[in-house]
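Each structure below is given as structure tokens.
The two complexes that follow have chain A in common; it is paired with chain B in the first and with chain C in the second.
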Partner chain A sequence: MSAPNAPLTDEKAAPRSNPFRSINLSTRFWVALVLVAFVVVLGMAGWVYPTGPGEKVGSLYDPPGNGLLFGTDNFGHDVVSVLMAGTRTSLIIGLVAGIVATTIGVAIGLISGFVGGWLEELLMGVTNVVLAIPSIIVLILISISLPQSTIWSLAIVIGITSWPWTARAVRAQASSVATREHIDVARLSGSRLPSILLRDVLPYILSYTVMAFVLQVSGAILAEAALSMLGLGPSGANSLGTQLHWALAFQAVASGAWWAFLPPTIILTLVSFGFLLLQASLDEVFNPRLRRGKRRQMKQAAARRAADARALAASRSEQDDDAQDPEGAAVPAAGRGIQEGGVA
Partner chain B sequence: MEQITTAEAAGDRTDDMFSHSVVTGEAVLACENVTKEFSVAGGKVVAVDDVSLQFPAGSVLAVVGESGSGKSTLARMLLRLMPVTSGTITFRDQDVTRLHGGHLRGYWREVQAVFQDPFASFNQFFTVGSLLRRSLHLAEVPKDEADDLIEQCLGYVDLTPDQAMGKFPHQLSGGQRQRVMIARALMMKPTVLLADEATSMLDATLRVNVLNVLHDLKHDLGLTVLFITHDIGQACYLADRVAVMEHGRVVERGTTEEVIFDPHGDYTKRLLADVPDLKGSLKRSA
Partner chain C sequence: MSHLDSSQRTLSGSTRRGFLAASGAAGGVLALAACGGKSGGGSGGSDELVGVGNNGMAGKGRSGDAADQLFIAGFQWSPPTNFNTFAGAPAWPASGNVAQYVYETLLRYDIVSGDLKPGLAAKYEVDGTSSITLTLQDGITWHDGTEFTTDDVLYTFELGKIDESLGVASFWVEVDEMTADGSTISIAVNKDRKNVGMVLATLAQQFIVPKAVFEKAAKETGNKLASWETKECMGTGPYTLEKADQTQIILARNEKYWGKDFYGGLPAPTKVIHPIFKSNEDGNLKFQNGELDVMQQFIPQISKMWDSGKPVGTYLQEEPYFVAGSMPMFLINTTKDGLKDPEVRRAMAYAVDYASIAETAMSGYSPDVVASLILPEGAESEWIDKDKAKADGWSYDPKKAEQILTDAGYAKGSDGIYAKDGVKLGPWKLITPQGWTDWNAALEIVAKSFTAVGISAATNFPQQAQVTTSIQNGDFDLACWYVAGANPATPWQRFSDVMSNVELADLGKTAYRNYGRWENDEVNDLLEAAAAAADDDTKKKALTALDDLFRKEVPAFPLMYRPDEFFEFNASNWSNWPTEKNDYAPPMFRGAGNEWIFKIQKIGG
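Moving on to the complex of A and B:
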């Protein structure tokens, strides 16, 4: 056994130092990652797909076949190509809206939670008022009033209507961090408010913020789809929502053209399910108490210890054979003892 | 009660506070009639009640009391990390009770602190080096002297930059962490160092180690140390003067000899009786 005060360098040399082994991600995380990766790859595949989304390859609702996996839509465009372009647009809108909403929410939440007092009352008052207004109505009103709707304006509009609950959640976290001792130490070291917020408060709630961001992205993709289905989507661009809008407008459901509305619906479902699952499994990554697979980890550790013990016993017995030690027989027995202890 | 009556010739007794010898010499930091009330559901809690204390320059003053006696609240008010409900705090005869902004940071250049929990005091995401460098702005040192200052301050607490600078808090032992915290406080070259239960969470050997560091600092740098503890033994080991607090009030104060070896307040006597010593043992008395 190593001495209790063994230097750190020895620990680094040990097989345990593989950083990925200690994280031990759950199956849930991998499933979520595969779903999200599939959707992202689908969005990017539009760049290498031979037909463009605006290219006319057939007539109204040609059924799948003839080299077209999902046939054509109402304009005679290849549904797969439109789906790829639409997925990309939806992901971009989701990401931009998520960044906008998370930035506003975290900024307001951090300041009100940390500073407290009348500023907190004011900011939380504003947040509660915004929270009380149904955001879909605000979204529709802003979208109508914009002279031209692009994917960027849509993303920003979605972002600035969905920050309030992030702000409230971050405020609660920040006000709990604000009472910790290291904040006092930072103040005594002469740090100013922005530095304390960014270096002493934000890192402590970062895991929470990342999870909130993932939810915001998923929510924004769905909000875009809802707006686009109502006909308020980005003009001149394809998105999952506009695809559904045209499918509805041209009676795809009534005429049985399932290939026009099912693919975008399934992708939307996968996207939001994937992001929600990712958020839930991130919780396990950040919070060790929720981690699964503890038993497997312990089995692995036991197996590792047993292997170490076997190696130790083998090297000892070799040494003993070389030295022709009369007491050599006792050492492998001791080694076996360690091995059994390790397995148990 | 009779004992107290006979001692009144030597001391000064008001209401329920017994004052032995009075502070002579210049008080660097002082608080006068400081009170702190917290609003809680259904009323108010008076955490610190009309406390007046003087901290003579270059000495160690211990504030002793059990949990909830208001010691830490008093410390936070003296540090200006918490506003007072009423009363004044003066530093070198200047009222610092309502300082803010740059003036408050100027005050922290003179009055620094070490806290109880040697882990909670650290931001776990940054190294010791970045913690110490953070103080450079307040310490007002030119860039080329920064490394020298850091090395010097770590030297006061028996650490070298190699041992500490690149380490994260969790890579240090409890005693090392607390010594790094003392080094951080010294970066500003303060005149007053406030140690709020700075040794409570350390084990016995490290505790003496940190107490000795505090003693050496007082000796070598002429630092005024305000040592807040619930442990009357540590107060006795380190302090020149002792103030005893109970339920937010100072109930007895004087030099260490006077308070600890000739206590007059009932509460002080009770605190002293609670100190476990080597002679009295539970096993023997049973």
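Moving on to the complex of A and C:
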């Protein structure tokens, strides 16, 4: 797509006409993907691992060895097996809480941002109040008052306490989208509010929503770990947080049983680091202006554009000053890309 | 070694930071000392030390003032604010039934032999079930030099009548009258209850306080003794309270102690210092490094300490290392559908993996569980009929548990949970306070054991206050809770705690015993007979009858055993600690546990 008055050369020379070259995924996207994939695979591996997380295979804190990679925990269970089950639980809680939080946040943000007026004031007022209360306190209070703590109740509790910032950010975006012309077109064509919100507003902020979701998942996994370490975790289930809780309770640090507390700590770090990295690199995918490929690639692209432009100019056999025009248009664009890439 | 001298000066200073920094330096030196220390058995000759670490090691001893001081921990966790022994939460050593360093009791209980040894009272005589006569020791004085008299004793117990909210008030449930004649005190045991055991238990636990001080306090507070606050505590004991601040409590030796002759001299340490830690880990680390000599904190896998060459020891050389003294009980709310059925309760008792609990949750510190309310080891062992407990009792056998349920007419539903006539076995909640880690872990194992046989159960760990209320009000399904630990009134008191139908509280009302609201027609008579038993044979028969009923009805069952107090020592500076081979004193702090402080020996100079 090009503006009608742009020179023909621009369209032909643009490297973005090649989708594969244009997505230009950065290394950190791949690193993030590998990290997240590793954690997901670890969670899945519990289904094929020979010993179950509730099977007693040794005594209190048996050190690694005897076919046990990370020894046993305080119950005499295989740490690897517990770690796999724990990772799975943490991921499930993260996903469910992420879905709940993002759904609530996007719904409130969309409605208040798009509809505006008193409804916006009301919804944002509520959001701001909720935002002002430290969510960990609300989380602890709700968790204590629950009669029974399961992984599902925990996920939902985490979800319904972590939506406010998503709502605020989505509202800002939605209110900007609301002023665009296509919304008027949709209104004129007789679409009703839900249809406009879902078909004409949401797609424009979908990229942001996906990134918010990734952040919510990582936040929820950490929130679960914090709650479980306090002993408010899901009863009867293993999670990374409950694993740390028992390691603390049975003084794994003091008795030197590193295998009981280091693996869950490392996995937690990997999970949150991986998701944050993924979110940051997704940002680049969705927002071309933030893209930062290798400087060399950008230079190559600029050079290519210049060369294409020159070749085109030469083939047209036009005068020198005419040939400068397309080149002059292409180079600054590429130059801006390099600059931004370098700064970001 | 100048480090130690300087550290000691700082220790008497007031900042916690200074103390920690200095003790860190001391720890380094001590750790080195421990590595190259004397060996208890190896060096032979006159140099041979007894009562040292379980690995036979001993340290070289501290130098300077610290060489004569005893560092103790595990009794005080917050800054000491009040030394009134009758307050809600008094500071150590004024808190009830702790080591007799400042206050002392009339009689002293020995958890190994079960004997009552003389304390402030030189001897006691029991006349059947009607009366107890005590004769006081000669020449007892209070710390201020005034004479200790029978008036002080009478007044201490009288306080239970003056302020009925005090714990000592329960003494008068079992006692009709207490009178003095010269240095003899006569106690008339309540004629209806005839419970000599409970009276002796109180005599062995109640610190005797100075009448002069507490009379004033009663006047000041309008007889609300529990609300009185004081920074002083004056007793008769071998130590006086010298200093107490946020970081430590320091006791200084009472050079004019009345018991010099009775105990064969003054205590060995010139000072007893209790540093105040925020958590178990802090204390355990200091203990491992020899900066604490003796303590009663829970240490998982204590054997690792002596395996790694530290001169750490316990009373027993082999597992369970500690003498069992209490019995964490699995309480069952017998008013709930399903739990009403004794067969279900029996199946539950068969379903629990006791060995796992002892090995992991209790770190191996529990002997094998026997189906009885009587402790199979130590002080109570003479009362238990072990053969009967084995023949009629339960043990971990999940198949048998399912068999019992099937025989009783229960069938597994599609969800794998047993049910009968629409009454499903679960889901039940297993509660115990958050942070009582060994009990938390034990209940996790119980929940798993139950799920494995087809009883639905999940753990839930609220705060302690909430658990206490729930259990007392009968607002629970299943719980792990404490009952009487070994004392002169047990095992009778434990049977009463678990089974008594006396003053059975309704649901929602506060109960002080039989929290499971188990109802039975025979039990009160059996309890009465056991309490009033005049001789040992009758008593054993009566207790066995109670134990039989317990095994038949399973109103609750023990999950594991625990020491009454953990007794752990580090022979870095002191030797001659009480051990099984060197058993001149029981491994305890309270009661007869005051004896070792007179006998421990300084290792270095």
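Odds and ends about this structure:
We take it that the second predicted complex is superposed on the first by the 271 of 344 C-alpha atoms of A that agree within 3 Å, B and C clash if a C-alpha of one lies under 4 Å from a C-alpha of the other, contacts with A are read in each partner's own complex, and residues count from 1 in each chain.
In this section, contacts are C-beta pairs under 8 Å (C-beta built on N, C-alpha and C of every residue); 3 or more make two chains touch, one makes a residue touch a chain.
Being a predicted model, the structure only gives us computed values, none of them experimental.
In the superposition on chain A, contact of A:188 is made with chain B only, not with chain C. For chain A, the partner that touches more of its residues is C, with chain B and chain C as the two candidates. In the superposition on chain A, A:235 makes contact with chain C only, not with chain B.
In the superposition on chain A, A:299 contacts neither chain B nor chain C. Contacts of A:199 after superposition: chain B is touched, whereas chain C is not reached.
Of the two partner chains, chain C is the only one touched by A:144; chain B is not.
By the touch criterion given at the top, residues 8, 180-182, 184-191, 199-200, 203-204 of chain A touch chain B in their complex. By the touch rule above, chain C contacts chain A in their complex via residues 280-281, 284-285, 299-301, 304, 356, 359-361, 363-364, 427, 429, 434-435, 437, 440-441, 444-445, 447-448, 451, 458-462. By the touch criterion given at the top, residues 54, 56, 59-61, 74-76, 144, 147-149, 231, 235-236, 246, 249-251, 253-256 of chain A touch chain C in their complex.
Touching chain A in their complex are the following residues of chain B: 76, 79, 81, 105, 108-109, 112-113, 115-117, 120-123, 125-126, 131, 134-135, 137-138, 171, 181, 184-185, 187-188.
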